[in-house]
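Take a look at the structures below.
After this come two complexes, each holding chain A, first together with chain B and then together with chain C.
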Partner chain A sequence: MRKYISVLLAASVSLASSTIMADNNADANDLKDYFIKKFPGVTTDSLVNGAYALDEGLFMQWQDVEDNFPPYEDNLAKGEELYNKPFANGKTFASCFGDDPSAVRVKYPHWDSETQQVVTLEGDINKCLTDNGEKPFKGKKGNLAYVSAYLAYQARGQKINVVVPDDPKAKEAYEMGKQFFYAKRGQLNLSCADCHVYQAGMYVRADLLSPTVGHTTHFPVWRRKWQLADKNEDGFGTLQRRYDGCNKQVRAKPFKNQGEEYRNLEFFHASMSNGLEINGPGYRK
Partner chain B sequence: MTKPSQRIAILLSALVLSTGLLSTAAMAADDAVAQGKALAFDRKKGNCLGCHAIEGGELPGNIGPPLIAMKARFPDKKKLYDQIWDATARNPMTAMPPFGKHGALTDKQVELITEYIHTL
Partner chain C sequence: MMKQSKFMKSLLVTSPLLVLAACSDSPQQSADKAAAMPEKPAVMSSEQMAVPAVAQAPKAEESKAEPSATSADKAAYDAALAAANEAVDKAASVGGEWRDTRWKKSTFVKWTSPSGETVKGSFMTVAAKAAEAGDYAKAVELLETARFQGEMGYEQAMAQKQAGPVIGKSASAAAAAVSGDKDGYEELLKSTIAAADKAASVGGEWRDTRWKKSTFVKWVKPDGSTEKGSYVVIAEKAAASGDYTKAIELLEMAKFQADMGYAQAMEQQNAGPKLN
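Coming up: the complex of A and B.
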């Protein structure tokens, strides 16, 4: 009994203190230091290339695809077309996001003090549609991913800069995302961190596990796996589509698209790439 | 008193019977090992190759140690069973799924996989 009480006490103390701390840049720096020590010769900036940063052979093959025939090009063009297409009311996405499409991606995800929640780029793309009397884009792929990909492409080279403001609710959201990331889940009892922090650089079967620093810079992504999954599939998907895949792989039930759990996770997850360059959309196997 | 020929006949039949029993037991053990191997290699069951190199297995992962010299590492077979059933009992932070505890495998399946892994 005494053991349980001390465990409970320790848990409540650490929760209380971490709620006050919530320093996303300190967390990001800790992880960057960790990976740099774990992977000698790999630079922090190169982590935007995911698993390809860890293996020269894989990197060469991947760069060849990115440079010569990126499979996402056609859908980038579709994203641009959709972004500039007037709504029924004559307005466009620029009425929500401003005149410079290259200045949008870097603002997300962010804490919205008015609604007291984390706002994602994909969430705001759909909000813009519904605010203007249009139907929102469905799901985690297709048009939603194309528009997001276009805005990421426009912002390439800018640095991720997620800010957790000095607001207890914002800090709580960040801590919830962090807790999600480090908590064991699913029948296989694996946390996000198990594969993408502790075991990053190791292989599961033939798949090299990517470090979490640099994960969100290249989203949305075009995945060969997604293209092969369905004959009508073009391979594009949002970050939250990828979260579904991770949950399914550890045999956990995926959470609601753009629901609180995933938005808070995105808030933490994107913070871990603070200071790294946006290089989306990316090609992944 | 039985005749020598009778005694020989009894001895012979006893011999035949016991070898029969022995070979049935050996066949059952071989069968368990074969079933265990199939479960260990099945991606939807044990999927041991996800993380461990095993002789004869293709494209193994390397998160866990190669499965070799298992009798030396686990002289007590029960400890190997326990490790597969719930590796978190020994290390709560382990990346090894608690196959039995979380119902990814039945107790019988864990037993069969243990029989196979212990031969490596």
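Coming up: the complex of A and C.
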């Protein structure tokens, strides 16, 4: 009898885990519908432009910068240089990412069934370095952001397509990212969704809050604010640098760069832009 | 449904007030505003107001054995430090640690030492500095806030475990949703007005809920023109133009504010000076 019960229990447990929903495209569609209703006249595709999709005046100013003097140009070129520069062992990044640099960005983030975790582009850039006996790039800016920016630029126009495979662990990671996004945190008790879903389109002080659909398409970004904070006047930063900033705003302690929390968040967050075009790197204020 | 404790409710009251001020600040600006922003939520339950056990224990000891003031304070400090670390570790273990509790990069708390040096850091970093300078009273006070934040952060993370979207299909299941049409709008308008009346009856009505002079909410009409007003005023305009979805969204915010305004006023009934 005992044995029978434990068999039953085991069966129900595995059933439970395989019924985790984790339908990222359905979640993305819910959000897209919500924003389209919330912002009459705004198309889903235009959300790749973040807050600028919501205000024509701001859009024009921003477009002017993007078209005429994108401040990230020099460091974008540096990213290309770094990407092609041979390592001490003579190989280059192409030995990890393949010969076509335009085919890289769109594969990220993804679930890696071997290591059973979410892998980000920035994570793999550094993995390539260490696998080849090089030192990894530090932090969430500088060289790491330049190489990432170069790969984004090469992939412009391709569509984001994050896949959550039919693997309970992958689904769990996705659900953890989703929970992270919707959970209130910090002294101000606000969630990502409080600002970037429910209050999107509203102003907080001088900032128009961007909708979360379209958030990841233009990363890494070059921000005026980051430029002013940097002694080399370089405003580049990765998506996870932005996560840090937003967590700090609500007075939550930021999480570890490329740690599990942020990687899972990125898995969910990027999924919400499925079907939208990659347009990184982007200029932001 | 999400269960909300009194702690979390009190947080909710402060957050809408603080969010406007919180964003896009330089660290310096936010530190400057620290005085205006409560370190602890403005609304506290009576349990929280009770003197924490850590602070009491050493006092009892003091009167009994009469050790030197310094050693008694040092003991209080050690106890407070252990309690704070324990609470913050617990919060961190569930990803609920707040920015200014213990994080090395926080510059939120400012304290001027007896020798005139100004120290900036997290509550716990500055507590350590204060203790170093012999000001155990200050150190213990800061550690109590740190412990409090640790407890809140833990409770918050636990309460948010099942967090998920409240939009679309899942939305209607999660929230006690009204139908997205004229009937739903009218029903919600009635309950919103009732809630705002209730808040007003105890002097707790917020600025942008339904006040005629508020220009806080901006709404771009389908024809491209912009309307400004309070949540209720704009909701009424949106409804008049047939956009019940927008109207309901705005009323939900208004109702939320009204409920919070009432709760805030009630919890602040015994408010008084807190000068040290």
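Please note the rule applied: the second predicted complex is superposed on the first by the 265 of 285 C-alpha atoms of A that agree within 3 Å, B and C clash if a C-alpha of one lies under 4 Å from a C-alpha of the other, contacts with A are read in each partner's own complex, and residues count from 1 in each chain.
FYI, a residue touches a chain if its C-beta (ideal position, glycine included) is under 8 Å from a C-beta of that chain, and two chains touch if they have at least 3 such contacts.
Remember, it's a predicted structure, so these values are computed and weren't measured experimentally.
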{"item": "Fit or clash between chain C and chain B when superposed on chain A", "value": "clash"}
{"item": "Chain B versus chain C as contact partner of A:Phe255, first or second or both or neither", "value": "second"}
{"item": "Touch count on chain A, higher of chain B and chain C", "value": "C"}
{"item": "Partner chain(s) touched by A:Gln187 [first = chain B, second = chain C, both, neither]", "value": "both"}
{"item": "First (chain B), second (chain C), both or neither touched by A:Pro40", "value": "second"}
{"item": "Partner chain(s) touched by A:Arg224 [first = chain B, second = chain C, both, neither]", "value": "neither"}
{"item": "Which of chain B and chain C A:Ala206 touches, first, second, both or neither", "value": "both"}
{"item": "Partner chain in contact with A:Leu31 - chain B first, chain C second, else both or neither", "value": "second"}
{"item": "Stretch in clash, chain C with chain B, out of 130-138, 202-210 or 238-246", "value": "202-210"}
{"item": "Chain B and chain C footprints on chain A, overlapping residues", "value": "187-190, 194-195, 198, 202-207, 251"}
{"item": "Touching residues on chain C, where the partner in the complex is chain A", "value": "8, 11-12, 14-15, 18-25, 92, 95-103, 108, 149, 152-153, 156-157, 160-170, 218, 220, 222, 245-246, 249"}
{"item": "Chain A to chain C touching residues, read off their complex", "value": "27, 30-31, 33-34, 37-38, 40-41, 178-180, 182-191, 193-195, 197-198, 202-207, 247-255, 261"}
{"item": "Touching residues on chain A, where the partner in the complex is chain B", "value": "187-190, 194-195, 198-199, 202-207, 251"}
{"item": "Sites on chain B touched by chain A in the complex", "value": "49-51, 59-63, 88, 95, 97-98, 102-104"}
